[in-house]
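Here chain A shows up in two complexes: once beside chain B, once beside chain C.
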Partner chain A sequence: MNTRTFGLLLGAVVLIVILSIPVFGSPSAVDITFRTCSLIALAVSWNLMASAGLISLGHSAFFGLGGYVVILSANLLGMPFWISLIASLAAGALFGSGLALITGRLRGIYFAITTLAASEGLRVIAVMLPALTGGAKGAFLDAKYYPGTFTVNMGMSLAAAVTCLIAWRMSQSRIHYAFRAMRANEGAAQMLGIYPLKFRCAIMAVSGAVASLVGGIEAFHGGYLDPAIAFDLHITITSQIAPILGGIYTLSGPIIGAVATVFIGDATRLSLGHIEGVSLLVFGLILVFSILYLPQGIRGGLSDLWRRRSATAEPTKMAKP
Partner chain B sequence: MDLLPQVFSDALLLAGLYTLMAVGLSLGFGVLRIINFAQGEMIMLGAYGAFWGLTLLGVDPIISLPVLVVAGFALGWLIFRGFVAKVLDAPHINQILLTFGLALAIQHIAIILWSGNARSATTAYATESAFVGDVLVVYSRLIAFAIATIMVVALIAWLRWSETGRATRAVAENRAAAALMGIDVDRIYAMSFGVSCALSVATGVVVSFILTITPFMGFPMLIKSIAIVILGGLGSIAGTVIGAFVLAFSETFVSYYVPDGAGWAEGIAFLLIIGILILRPRGILGQTVET
Partner chain C sequence: MLKITNLSKSFAGLRAISDLSFDVPAGQFFGIIGANGAGKTTLLNLITGYMPPSSGTIEFEGKAIHGLPPYKIAHLGIGRTFQITQPFAEMSVLDNVMTGALFSQNGGRRSIAEARTMCDEPLRIVGLTEQASLPAGALTLGGKKKLELARVLATEPKLLLLDEVMGGLTHDEIEDLIAALKRIHASGTTVVMIEHLVHVILDLCEHVFVLNFGRELFRGSPNDVVSHPEVIEAYLGKPLEAREGA
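So, the complex of A and B:
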């Protein structure tokens, strides 16, 4: 079995599992699936930007924006679930492409810092506009707009599935070569006729829309939002740990990483949860050690093993970097 | 009563503190070209060091400052040798995420060891103040300003006149050329990382008797330092001083003159970061950089 069929098979299995659990699963399985799907969508969205060379330290900006758009459009305008989510999707896409436009020529660390500043800036705005957002006290979603547990869980599963499909479609098209070229050297990519700004706007619109949609569904799920939850650095941290741990710049990496991250998070909470702060300590250590010792993530480690085992059979087959 | 002299004195004292806070990051960024996201946690560790020195041993933070600075240098040296040295030539993303992970780990070790509760180092001079004319001067802020000034001047003198300082500036300007002139680049890297951590620890000691101490105090200060360094420009200590003054004065003016200003003032750093990166990514006095 080669890597491609394996990947397709794995993708199909994941799709079936996450779409059927909201229907058939027990409450705890549904809860775990919800959190995993949320992280899958965020991780894939983070990875999309990373694969174009754009390091986001501000994914919580999109997440929080989506959450607030949902709360406002439901509470103030009385929009139903799906329409609120479309609104948060649109807001995320607009904010993403807007951020791409204003950060037009920034790369690497400077881009990363701008996204961090954008996220923290939005948090300050959310605190300082209590008339709109409820300020530091937070805002509740009016209970009459809650569409029911099943719809919310299914919505998150669908969001994760569609996100993975989009990422898969992109990896099949020629666009992803453009992104890879931009990641390696944006100047050189431009010389080859790739207009970086156009691609940046596109990828950040998609990535932002996805992360914002996740924030929107999470707002429906939680029913409450305050600036500290909405623009929590934790969102940014987990959405970058998952791809790093699973295998950055790959399709399956963020998915594997998201499952592993949720698992590790739950395991530390169950075994060492009485010690405050221990789960984020573990995440910090994972980040440090995967950068130092597992730069290709779990997926890279596995495919190394795979290659070594089948090295005699197919000496020329190489996993994509 | 006219507010203006009070606003100026507050802003000036804050600017001194901000200079000390950002100058460590500026040195590390200028020499290694890496933004150390764990820098804020060094400030936090310094503040806790001063707090425990005062609470357990009864040592005034000003007395424990030299010891803690040396410890901060050693810790920085170790972090460089153990982690940062391994990603010096790696892509930006690895450097960012590595120091980010270190920051996360250090912060949560602090939470586990000392809990998330807020503490404060209450020295005799922490709450005292005096009127100079119409202007209220809080002693602790004045002391902080004095310490910050001494340390920043010492840093500038070291960079300007000592042999190692000259070597550091050479490495910051051009790593390859410095190596060809016989400078041990690796040692300079470890050294400047250590010094930059030591400066942040010193900042922590100084703020320990001004602000409340929590494990989370580092991150907002890191963001402000980044704003200052970017504003001033990469690799320019003078630029960092200017950046600190700009941030301190704009924050103070906003909190005095804008309704709800104290809250909005917290957002100025972010506004400055975005604004300067879009308009002039090299900062006020910086070298041309690869953006």
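So, the complex of A and C:
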């Protein structure tokens, strides 16, 4: 079995699992799946931008924007669940491509800092507009718009599934070549006819739409939003820890990383949660050691292991590079 | 085909390019020589849109191209290699070349499979077929120079600008590449070549332009250029025997 069939198989299994658990799973399984799917979608979204050389330190901007769009469009305009999610998708896409236009040719740390500032800016705006957002006190979703637990959970599973499919489709297309070329050297890529701004707008629209959608579903799930929750730095950090832990710039990496992050987080919390602070300390240490010893992420570590095993199992055949 | 008129570029007080005018007719093999810092690479950066000129015009096939961004220049059919190689290090050699085939003027109509087939030829011309699946970052300097050329050939340029493409290659590789460039030129591509290796210029170029401190020093046939006293003084240096004899 080569890595490609393995990847497709893994993808199919993940899709079946995340789409069937909201239907058949126990409440705790449903809860874990919801959180995992949320992180899968965020991680894949973050990784999409990273694979084009755009390191986002502001994914919470999209997340929070989507949350507020959902709460406001439900409370003020009476939009039903699915319509307000489409509104949050559109808002995320607009904000993403707008940010791409504003950041123009900024790269690396300069780009990253701008995204961080965008997130902070939105948080401040949310605090400063209490008439609209409820300000620092926050806003509740009107209970009559809550579509029910099953719909919310299924919505998140679908969001994660569709996000993975989009990322897979992109990895098979010409865009994949442009992204990698831009990540390596945007200047030289231009001489081959690549217009970086076009691809930046496209990828930030997709990435922003996904993260904003996740924020929207999370807002339905929680039923309450304030600026500190919506634009929490924690969202930005977990969105990038998952792909880095799983395998940055790869297709399966963010998914593996999201599952691992939720698993490690839950395991440390359940086993060590009674001693204050220790669970987070252990969680952090595991992350540090994973990154130290698995520089290519879990996915890279697994494929190394795979290669070594097949090399010893079939010594006559050369391991594929 | 390429017409440069009164082109100047200043960086703060420094005039890197000063009032240059020349014309490259279609089908010519045009050489540019000059000492380090003479402005050769700056000139290519101006033509390919990486920098705007301070004054003057650049025309390609009768259309003004100064001020256009590099990707538009590339879409017009101008290809360029970089003196300091710029490979996409994490991508394979083949994927590097395919990127050229996918985003050029006609690249949008090509499927990935078509682009892959199309890259056989450029890879074969430069002699990188064997290394096609290696990551580009793993190539030697010579390999990276060849990759620069293969990648730009995949964009099917009408005008090819080469910035010291021979630098860092072995003697045999240089001979192979000279033969390859002769074939590329024979197939109808106009070539502008910056090169330090005088025997390469003599072998390939029909017309040579000598730059010195951003100004035109001389232009003419390769043989005229190497025997011109001012060019010898400023760039080539006197032959060893002549100096010893003096």
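Here is the rule we use: the second predicted complex is superposed on the first by the 290 of 321 C-alpha atoms of A that agree within 3 Å, B and C clash if a C-alpha of one lies under 4 Å from a C-alpha of the other, contacts with A are read in each partner's own complex, and residues count from 1 in each chain.
The rule is simple: a residue touches a chain if its C-beta (ideal position, glycine included) is under 8 Å from a C-beta of that chain, and two chains touch if they have at least 3 such contacts.
Computed from a prediction, not measured in an experiment: that's the story for all the values here.
Of the two partner chains, neither chain B nor chain C is touched by A:Ser97. Contacts of A:Arg174 after superposition: chain C is touched, whereas chain B is not reached.
In the superposition on chain A, contact of A:Leu57 is made with chain B only, not with chain C.
For chain A, the partner touching the most residues, choosing from chain B and chain C, is B.
By the touch criterion defined above, A:Gln190 lies against chain C but remains apart from chain B after alignment on the C-alpha atoms of chain A.
When both complexes are aligned on chain A by C-alpha atoms, no chain A residue touches chain B in the first and chain C in the second.
Across the complex, chain B is touched by residues 50, 55, 57, 102-103, 105-110, 112-114, 116-118, 120-121, 124-125, 127-128, 233, 237, 240, 244, 248, 275-278, 280-281, 283-288, 291-292, 295 of chain A. Within the complex, the chain A residues that touch chain C are 172-174, 177-178, 180-181, 183-185, 187-196, 249, 321.
Of all residues in chain C, those touching chain A in their complex are 48, 50, 69-71, 73-75, 79-80, 82, 86-91, 95-96, 98-100, 102-105, 107, 112, 115, 133, 151-152, 155. Against chain A, in their complex, chain B makes its touches with residues 35, 83, 86-87, 90, 92-98, 100-109, 111-112, 115-116, 215, 219, 223, 226-227, 230, 260, 263-264, 266-267, 269-271, 273-274, 277-278, 281, 290-291.
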